[in-house]
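You will see two complexes here that share chain A, one where it goes with chain B and one where it goes with chain C.
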Partner chain A sequence: MIEKILARASGRKTVTPGEVVVANVDCLLLHDLSGYLTGRVFEREVRRPMRYPERVVMIFDHHFCPPTEEGARILQENRSFARRWGINLFDCGNGNTHHVGVQNGFIRPGTVVVGSDSHTPVHGTLGCFATGIGNDSHAGTVMPFGKAWFKVPDAIQVRLSGTHKRGATPRDAALWLTGTIGEGGAIYKALEFAGPYVEQLDFWDRWLFPLIVVDLGAKCGYIEPDEKTLSFVRSVTDKPFDVLKGDPQRAFEAVWEWDLSDLEPQVACPPTVGNVKPVTAVLGAPVQWSELGGHGGGRIEDFRLAAQILTGRRVHPDLRFNLVPSSRAVFRQAVREGLVEKLHEAGATWFPPSTGSNQAYNMGAMTAEEAMISTHARNFPGRNGSPEAKMYLASALTVAASAVAGAIADPRQYL
Partner chain B sequence: MGRAFAEKVLARAAGLSEARPGEIVDVYPDLYMSHMASWRCIRTLEKLGTDKLYDPDRIAMVMDHISPARIPKTADDQRMCREFAVRKGIKKFYDVEAGIAHVVLMEEGYIRPGMVVIGTDSHSTIYGALGAFGTGVGFSEITAAWVTGKLWMKVPDSIKVTIEGPLARGTSSKDVMLKLIGTLTADGATYLSVEFHGSYTQGLSISDRMTLCNLAMEVGAKNAVVCADETTRSYLAERGVPSGHYAEVHPDADAVYVKSATVDGRSLAPQIACPHAVDNVKPIDQVAGTKVDQVFIGSCANAKYEDLVEAARILKGHKVAPGVRLLVSPASKEIVARTVKDGTYSILLEAGALITNPGCSACAGDGGVMADGEVTLSTANRNFQGRMGSYNAEIYLGSPAVAAATAIRGAITDPREFLS
Partner chain C sequence: MNGGFFSKTVFKEKPMQARGRCWKFGDNIPTDRIVRTDLVFRPFSEILKHVLETCNPEFPLKVKPGEIVVAGKHFGQSSGRAIAAKALKQTGIGCVIAESFARTFYRNGFEIGMPALECPGITAQVSDGDILLVEIDSGRIVNETTGRELQARPTPPFLLDMLKAGGLIPMAERLAGEG
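Entry: the complex of A and B
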């Protein structure tokens, strides 16, 4: 599928892995930090007109409410850059880059999507070739020419099967795969997620798989679009799109198969995303913070899962539980479903749609002695205040169970 | 000769039969509030060479101003407070999710008529909304009170402010206070005890009384009060505090006031405090049309339940103007719960507001910071240059209704345009 997308985008009949192509880019996603750097290079160094401003989307998500004058200045410059060039702008409080891009119909199957956020490959969930590239590349080739160069990656198929037992969720599967394939286990590959397990997942659960590929070193990840994908895309945009799928007899460099039936809840432990253990290995580890949010969370599904755990229970008094919707649409949906009220009453705190505690631009700094368990995508040292602070990554169920217990807990004991 | 409120309440707290204005008395406050910067008190305490506390039950700590932390230093400070509270058995400890200290402590029923409350925040005058004597002090004073239980004070003279109602359409307690501040000026009541009287105050909601007493700080008040009445008693009763649990203090009918002022609310127009002073007040028609980049509905002055409901009443069915940010920061967790339940929260969200976690938010520089040349219309209580980010930015202060109307139009707008 990736070869077909890149062939079409570069005006060729076919391309083969290893070949370098110059492809037309259909969407460029920027956030407030990368947008600022990209804009400066584009205006100061590149100094050419922008070819397709309508394809450029900037979303303010790291700063959802700037706490510093420097932050305010960056956002102000971004706003005037957006006005000057006529690009799409989503100001503070709309959500995190990837969710806002998808919810507003900028991402469509068969297209080439780039962004400076390293998790840009997540858009492979819609059947795109999507990958993160550098700010200078955006400024130097994407903005003035609408193009970027790529080496065509080899493809590996990850075939998943099985049905989860109680307490395990797709997020646990994604965490387990990160630990199993390993950081650097798929360098510059295109990872296709397939198999009966993937087919039965709904769109936002599928989303969790292409999300992890960058941490495996892959160039991109994707799921071949099916009827579920298409009906999702049609629910967010009425613009036309043209689906591309791999040939039924397509060749892979490798096929990795796993049955997920016996999967337990998983936790990525400090200091890196690949340090994944079953929750039973870290039961009782102290945490003072918990958060549903970030690229790996803040979906409506996460709040529904948390509500299952928090029904009839309260957040532990020694711990704070932050809820950060991934987009304004999710926030509104959560209000409508009564989840905002229910989780607030249980002692959790709602924050504006954004990346939340990600890298602690607006919130989420911890002391050397503190720890957080969250649905975020990364847990590297120093991203949340003190380099000694600990971040554990888990499913919404495990995060909510830990919020109730005041320490890392097994959600199966709460279901 | 009769006594004013401050004289009577301070005499009681000092254990004296009477206290005359100008006299210095040792007062034993009933409650000492300190916010996130309580860590300063803890550090000061360490230097004092004692850690024996006079009465931990009189200590109230609320982690507002910056909540939650975005830098490790703040996280460390808050952790220090948290651990101190556990170590010292301080039960009135509220963490980063609770909201603004003043509002939280009033909701919890800790502020009662006749009390003397000191706080590490200048707007501690707000406690007068429940018939208490509230005043702002420094960290050293709070620390000293932790240890000794007492604080010296000069008994203030009093000013009688009479507000006649009902208020004209489209105006609120905020407009009353801005009008008063504009008339009296920022030092018009320096070190005076401000007593609110008049037909408007009778049966007035606690929320509006909070706005009156909070903003009295901006005329230089030592404290401000709307004396306890049936509204006060039922507010406290709802919070589990029956009237036998406090002793109301009322000024004598023949009390002596060194100054008086009147606001006629019946002919009031919406008022705006213009940059860069709270007493630079103009009626709204003189500044209507001024373009804004941001609208902030927040702070201990105007982010209470009633304020959010008022804003939502105007915003319902409208959208925030393109290019304008509407920032709403509810004052407390309880207010979030009430607004979620009654649909106010949803109306604000649908209108395009960015609703933050409860807390001081942009009023304390915790978000909503402005860049050069930007303009904010805020419901907070201060508009000094540089208070919300850039020194080259402007803050206009107005009521929640003005804020809502302004958010819809993207320029300062008279809310009466939206009232049928």
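Entry: the complex of A and C
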């Protein structure tokens, strides 16, 4: 499928894995940090006009309100860059890069999407070819020419089946797959997620799977668009798009199959995303912070799950529970469903839509002794204050259960 | 290559090579350890004092131009920012050889003009401090300390052209200029 998209975007009939093509790019997503570096390279080294400013989107998501003068200056420079070239700008408070890009209709099936944020492959959820590329590709080829070079990847199909038991969620499945396939377990591959399990998921739960592919070393993730995908896309944009259908006979380098029926809640433990264990292996591990946010969380689904656990319960007094909506649309929905008040009354704290504690630009720094459990996408050391601080990644249910217990807890005890 | 600004192969220069001491690192080194996230926006003069320091504190102090970084699997994972590759290039090293790379790091390396060779099995064949001779175009690696020879995976010709052009930006410019 990725091959078909790349063939069309590079004006060819077919492409084969391993060859290098130059393809038209439909959307370039930048955030406040990568956007700044890219803008500098573009203006200092390229010195050509921006070819398709309407395809370039910059989102301030690591900052929601700069805490330092240096941060304020970076944002100011980004704003003037955006104005100078007429690109789309979403300023502080709009949400995190990928969610804002999707919710505002910039991502459409069958297209080519790039970003320097390494989680850009998440947009494969909409049936596009999406991957992270570096500043020089953006500044040197996407901005001046609307193109980028790609090596066509081999494809592996990941076929999933089964129905979860109580307490397990799609996020647990995604964590488990990260541990099972392993960091670097699919280097340079395109991973296509399919099977009855994936088909039955709603859009934002499917999102959790292409999100993990970067840490497996893959180039992109993909889910074949079906009616659910298409009606989601139509709900956010009326721009036209046409879907490329994969032929059922298509060849994969490998097919990996798993049944997820017996899955228990999972936790990715420090220091890496691949260090995944069943929650029962880390019960009682101390945490002082918990957070729903980042690319893996801050979805409306996460706040609903947390509310299930927090109904009639309170956040443990020794722990802080941060709630970071992934976009303004999610916050509005949380208001409508009464989740804002409910979680507030339970002792959690709402933060502005953003990427949350990711890299501790606005929030989420910890001392060497502290630990957090969150729905974030990454837990490498040095991303949240002290390099010795610990980050555990889990589902919204496990995060909320731990917030109640004041230590890592099994959500099944609270359901 | 398909049409457009990358269409012609116009670079014919002498083969590239690197020779020098090898600095050896482990598996899965993230970009966050090549350049600390809190230094990303600082000037290179400051970043250079800390490159890979949490993996080997001697490296930023002692690395010399032309020397070679050898690493294990999935080198340069995590962030896709080119700054990690740029900082390594600024130390003056001649190339990076790894068992395998995170694809964003591999791509960024060539785009900024720093060769990255993939050589499965390399970590078992070289020790920190060995002297290596590396032929970038052919992928031939000679460990002069042990006398052993290794062969890296071939680098796509497109990427070799990019290196010879001095990176992606000069390449895109030059070819666009030629129509």
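Things worth noting here:
Heads up, the rule we're going with is that the second predicted complex is superposed on the first by the 415 of 415 C-alpha atoms of A that agree within 3 Å, B and C clash if a C-alpha of one lies under 4 Å from a C-alpha of the other, contacts with A are read in each partner's own complex, and residues count from 1 in each chain.
As a convention for this text, a residue touches a chain if its C-beta (ideal position, glycine included) is under 8 Å from a C-beta of that chain, and two chains touch if they have at least 3 such contacts.
Note that the structure is a prediction, hence the values are computed from the model and not measured.
Once the two complexes are overlaid on the shared chain, A:S10 sits against chain C while remaining clear of chain B. Of the two partner chains placed by the overlay, neither chain B nor chain C lies in contact with A:R206. Judged by the touch definition given at the top, the superposed model places A:K219 against chain C, while chain B stays out of reach. Of the two partner chains placed around the shared chain by superposition, neither chain B nor chain C is touched by A:H123. Within the superposed three-chain model, A:T367 lies in touch with chain B and out of touch with chain C [touch as defined at top].
Applying the stated touch rule to the two superposed structures, the chain B and chain C interfaces on chain A have no residue in common.
By the touch criterion stated above, chain A contacts chain C in their complex at residues 10-12, 20-22, 33-34, 36-37, 41, 45-46, 70, 74, 116-118, 120, 132-137, 139-141, 144-145, 147, 149, 151, 183-184, 187-188, 215, 217, 219, 272, 359, 378, 380-383, 387.
Here chain B touches chain A in the complex through residues 66, 68-72, 74-76, 79, 95-97, 323, 325, 327, 333, 336-337, 340-341, 345-346, 349-350, 353-358, 361-362, 365-372, 374, 389-390, going by the rule given at the top.
Against chain B, the residues of chain A that register as touching in their complex are 64-69, 71-73, 75-77, 79, 91-93, 320, 322, 328, 331-332, 335-336, 340-341, 344-345, 347, 349-352, 360-370, 385-386, 389. Residues of chain C that touch chain A in their complex: 1-6, 27-28, 30, 32-33, 36-37, 40-41, 54, 73-74, 77-83, 85, 100-104, 107-108, 111-112, 156, 158, 167-169, 172-173, 176.
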